[in-house]
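Below are structures written as structure tokens.
One chain, chain A, appears in both complexes that follow, with chain B as partner in the first and chain C in the second.
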Partner chain A sequence: MLVWTKPGKAIVWLAFAVVFGLLVVAPFVVVIAAAFAGSWNGVLPSDPTADHLRQALSGDELASLSVSLQTAFLGGLLAVVFGSWGALSAADTRFKRLADAMHHLPIAVPSVVVGLGLLVAFSRQPLLLNGTKWIVVIAHLVLMVAFSYGTVSAALERIDPSYAEVAASLGASPARVLWRVRLPMLLPAIASAAGLSVALSMGEVGATIMVYPASWRTLPVSIFALTDRGQAFVAAAEAVVLLATTVVLVLILDRLRGRAAER
Partner chain B sequence: MAVEALGVGAVVSNRPRPDGRWVWVLPPLLLIAVLVVYPLVLVAVESAPAWGEVIASTEFRSALLRTVQIAVSSTAGCLVVGTFLAVVISFVPFPGARIVAGLVDTMLALPSFLVALSFTFIYGSTGILRAGGFLTSPWAVVLAEVTFYTPFVMRPLLAAMSRLPRAQLDVAASLGAGPWRVLRQVVLPEVRPALLAGGSLTLLLTLNEFGIVLFLGAKGTTTLPMLVHTKGIVMFDYPGACVIAVVQIALSLGLYAVLRMALGGRRARLD
Partner chain C sequence: MTVQLQDVTVHFGRTCALEGLDLSVAAGETVALLGPSGSGKSTALKAVAGFVRPSRGRVRLAGNDVTDLPPAKRGIGVVVQQYALFPHLRVADNVAFGLKAARKPRAEVAERVGEMLEMVGMTAYARRFPRELSGGQQQRVAIARALAIRPPVLLLDEPLAALDAQLRADMLGELQKLRREVPDIAIVYVTHDQSEALALADRIAVMRDARLVDVAPAAELYAAPPSAFTASFLGGANLLPVEPVEGGVKVAGHVVPGLQAAPGESLLCIRPHAIRLEADAVPGGGGAAGRAGVGGEVLGVQWRGAFNQVTCSVDGLAGVTVRVDVPADRRVPEVGADVSLVLPVEACSLVLADGC
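Take a look at the complex of A and B:
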């Protein structure tokens, strides 16, 4: 299409492999390799070991995994509910622009600033939440609600509104139209919003590091603490745990989405 | 589709509904107001007493400069690399190109600090390349951000390129245009909106990037988000942190508003 000669294509592909391999893929391969390496003093890692992984799955680090999972599920679930609610209720009303702007705010502002805001606002009356796990959950909810709203809003614009209108014209109540027509049609988008929310929540670091109490330390915060103490290999192993968990969760949610799309 | 056949499709669409259903929009908006808007307003209020001192400090000025410098360099790098990779996947396809495109999609949801973590092993003092001072320089941050944010440029580009009729390229080539000319005169003008959208999103995200800078932890590369964290959490200087937060919000939202206006206008024209 663009390059017609065989040698030309070969050169382009080689350049692609070098750029893509070194720049995009290498970092992830290196982290995974380091997780299983006893030492890394040359080009290749040496002394293969599972010790780091064992360490990453015990004691405090295991507790972090559980904290991250609970935060991702609680924050993600609430985010999907409120994001979908916001997108559905604002569609076709005069509040659409206001709702768009308000839901974009947490993404446009750096996550550290979102965290600082929560810290300043909820360290005082009437809502004293600083030092509890709820401030972490709220930080995740706030960040993920923006993504959920965006995903469901975009899906709503692609969906033919006449289905809901026909249902209403045939006498279905608004609640019935919502429950039997609009929500089922949005289910794939809601499932993919859930997948995105959970994945992003598992890796969130900026807002979390501003607000977390010592008793509620998420995986990324633990990983940072490890690198800060110079335990890079255990940090890599824990990053692999984070990656594996995220991929499994997203795959499960993706299957749900597939099933929803089939119906 | 059956509904459209009945001819009722376009009768009532997208017009604001007159009934009272809009009250349902209030709870989610109230949630955002309490959890996002109210805290940000408090940040602005808290910042009041510290402005003079922070603005005058060299620490703040160099962080502001560093933030813009890193964001602009990273975005430029992402645009170059992302365009190249997207062009190859779309127009010089190889077996497995689709898998690579899928991989790019997955990377969008991964945390950015993984890249910074890997740099410890690649460029660290005992790592693969042993590039001693590189890890603590601003260029390490730029390279990490290019790695992480290139997929954000590739995604809209790949979508735009898949909509471009292949015949256009073939006709241009059959009329004697070389690959560079086809790229410059046929492909690039068509995908410019996507390039602009991806580039502006990347600029916003790199201005706000925190994870990579935190994990690389270089003393010489303090950015504004990093300074918010240092002042707020390490030094407990809330008013100082709030000033920097307000500057960062103005920077990000100002840029975001400009981009939305520019992109919104363009989209309207395309429709």
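Take a look at the complex of A and C:
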């Protein structure tokens, strides 16, 4: 602490609380309040109701949640596979820097641009994916690969190469070294890459909004559409559902990661 | 010869880590690679194990050229400095790793693992994970893992460097015992500690700046070092410039009779414990003729328990200090006292000046 006097400390804490409260806590509180508000005309919401939440958990909106979950698992987990694969292949080669750059490209450019690129690329035969759920999954895959690659790559750099060398000297084939030594040692990093990918995928809008077909609308896109139509309360209820789902997922994946790290 | 290195040269990018190494190790022999940090010892080991590819030269195992074989096909036991025990496997599974890779029947694996753990005294720890072991215990497991595959060659890279002094002394004894348990395998032992090399090795190969300086049986290398570098690195010998004269050599005005200097040999090498210190009868020096040895002055005394380590300057040799180990039961001269350094001719040898 740079400030030592009591009033000085109090002022610093107050300033922090105001900024943190305004920027981080307030939006959450407002969204949660709105989700349960029948109307909001004064300073505070009134007519508490669970109708919005019920609506958010039925019909089309429930389908959106299911779409989001499927996309996150499919896209996120494929991203972990490809990201880990890429990191393992690029490690200790001359192409490491090039591979780093390639993998980071999708997050360096705006996600809308990634979406547009995919739309243009996959709107024609022989690769006609536009209008199917696969173009959404691919968009998420492309974006999440960068994070998985980065996480696994960083973990790989911290692992002493002598583990793999010793394993080889004991007669293990390269495949055995990979499955029995390198991958198990990378498991905590791979699990945390999975958590990150699923969480990010659950909230992705930029690229999804460019490519999604009517039959495959993710939850964030629904929220965006509802808000656009002026149904802010239902949108807020959906946001609460999204928030809760993501938190639960991340907690579960974190437990798994903890288990992997313990072994 | 079980291991044979012929002109082995290794480059990392532009740095040359090993230059033209010729060395062979027979079955049942222990050869120590001794040298200061960065002298290429680990690199030589990695070339034998197959972890690095030599840019020149051949590596042979039992007469077969293995230079182009991957490590997995060489069947060599390797223990690296930090042990590299697989953290996700229990002790028993670490030891079983090589046997499982060779797809040995389950019963045989279990038996061999039990045998190995017993040999290194780690049977009680079979179910533990590596992080639940002390440094010394980890080292035993690493050795058991390497020996489980019955390698004809065992490579040890500074196996004691990560341990504290007391444990190091204990493990040195364990390694000597281990040597007797596996009498037929060739061992290459990398170290920068001369006492480990002297205790364990049949022959010592001294390395410096990516090159092999000298290789000879340990006792021979200690008694009559062929080079100044080996003399000072192995046992911390004193090196004094000499001139050849009739019937001997002259050191700082004093003639040591009976030494024959071959061409180029211009340094006298003597161990710290071989020099005898005598107090001068005439303070300030009574001239070279009256002395039993070389004149000098005591610069410092450090008590080392069993002996006192005395440093002396030498009259007429500016910049040269001599280390003398005086047994604790002998009288130690005061700092600043004038002394004679007696150099018994049987403890002296002459070496080439090679720039150190």
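Everything that follows uses one rule, which is that the second predicted complex is superposed on the first by the 262 of 263 C-alpha atoms of A that agree within 3 Å, B and C clash if a C-alpha of one lies under 4 Å from a C-alpha of the other, contacts with A are read in each partner's own complex, and residues count from 1 in each chain.
FYI, contacts are C-beta pairs under 8 Å (C-beta built on N, C-alpha and C of every residue); 3 or more make two chains touch, one makes a residue touch a chain.
As the structure is a computational prediction, the values presented were derived from the model and not from experiment.
With both structures placed on the common chain, the touch criterion links A:163 to chain B and to chain C.
Contact with neither chain B nor chain C is seen for A:175 once the two complexes are overlaid on the shared chain.
Touch criterion met: A:184 reaches chain C, while chain B stays clear of it. Counting the residues of chain A touched by each of chain B and chain C gives the higher count for B. By the document's definition of touching, neither partner reaches A:214: not chain B, not chain C. With both structures placed on the common chain, the touch criterion links A:12 to chain B but leaves chain C unconnected.
In the superposition on chain A, the residues of chain A contacting both chain B and chain C are 160, 162-163, 165-166, 169, 174.
Within the complex formed with chain A, the chain C residues making contact are 46, 49-51, 70-72, 74-78, 80, 82, 84, 86-88, 97-98, 101-102, 145-146, 149.
Looking at the complex, you find that chain A touches chain C at residues 160, 162-163, 165-174, 176, 180-181, 184-185, 187, 263.
Across the complex, chain B is touched by residues 1-4, 8-9, 12-13, 15-16, 19-20, 23-28, 30-31, 33-34, 40-43, 82-83, 85-86, 89-90, 92-95, 98-99, 102-106, 108-114, 116-122, 138, 141-142, 145, 160-163, 165-166, 169, 174, 195-196, 199-200, 202-206, 209-210, 220, 223-224, 227-228, 232, 235-236, 239, 242-243, 246, 250 of chain A.
Against chain A, in their complex, chain B makes its touches with residues 3-4, 6, 8-9, 11-17, 21-22, 24-25, 27-29, 31-33, 35-40, 42-43, 46, 81, 84-85, 87-88, 91-94, 100, 103-104, 107, 109-115, 117-122, 124, 126-128, 144, 146-147, 150-151, 166, 169-170, 173, 179, 182-183, 187, 204, 207-208, 210-211, 214-215, 217, 224-225, 228-229, 232-233, 238, 241-242, 245, 248-249, 252-253, 256.
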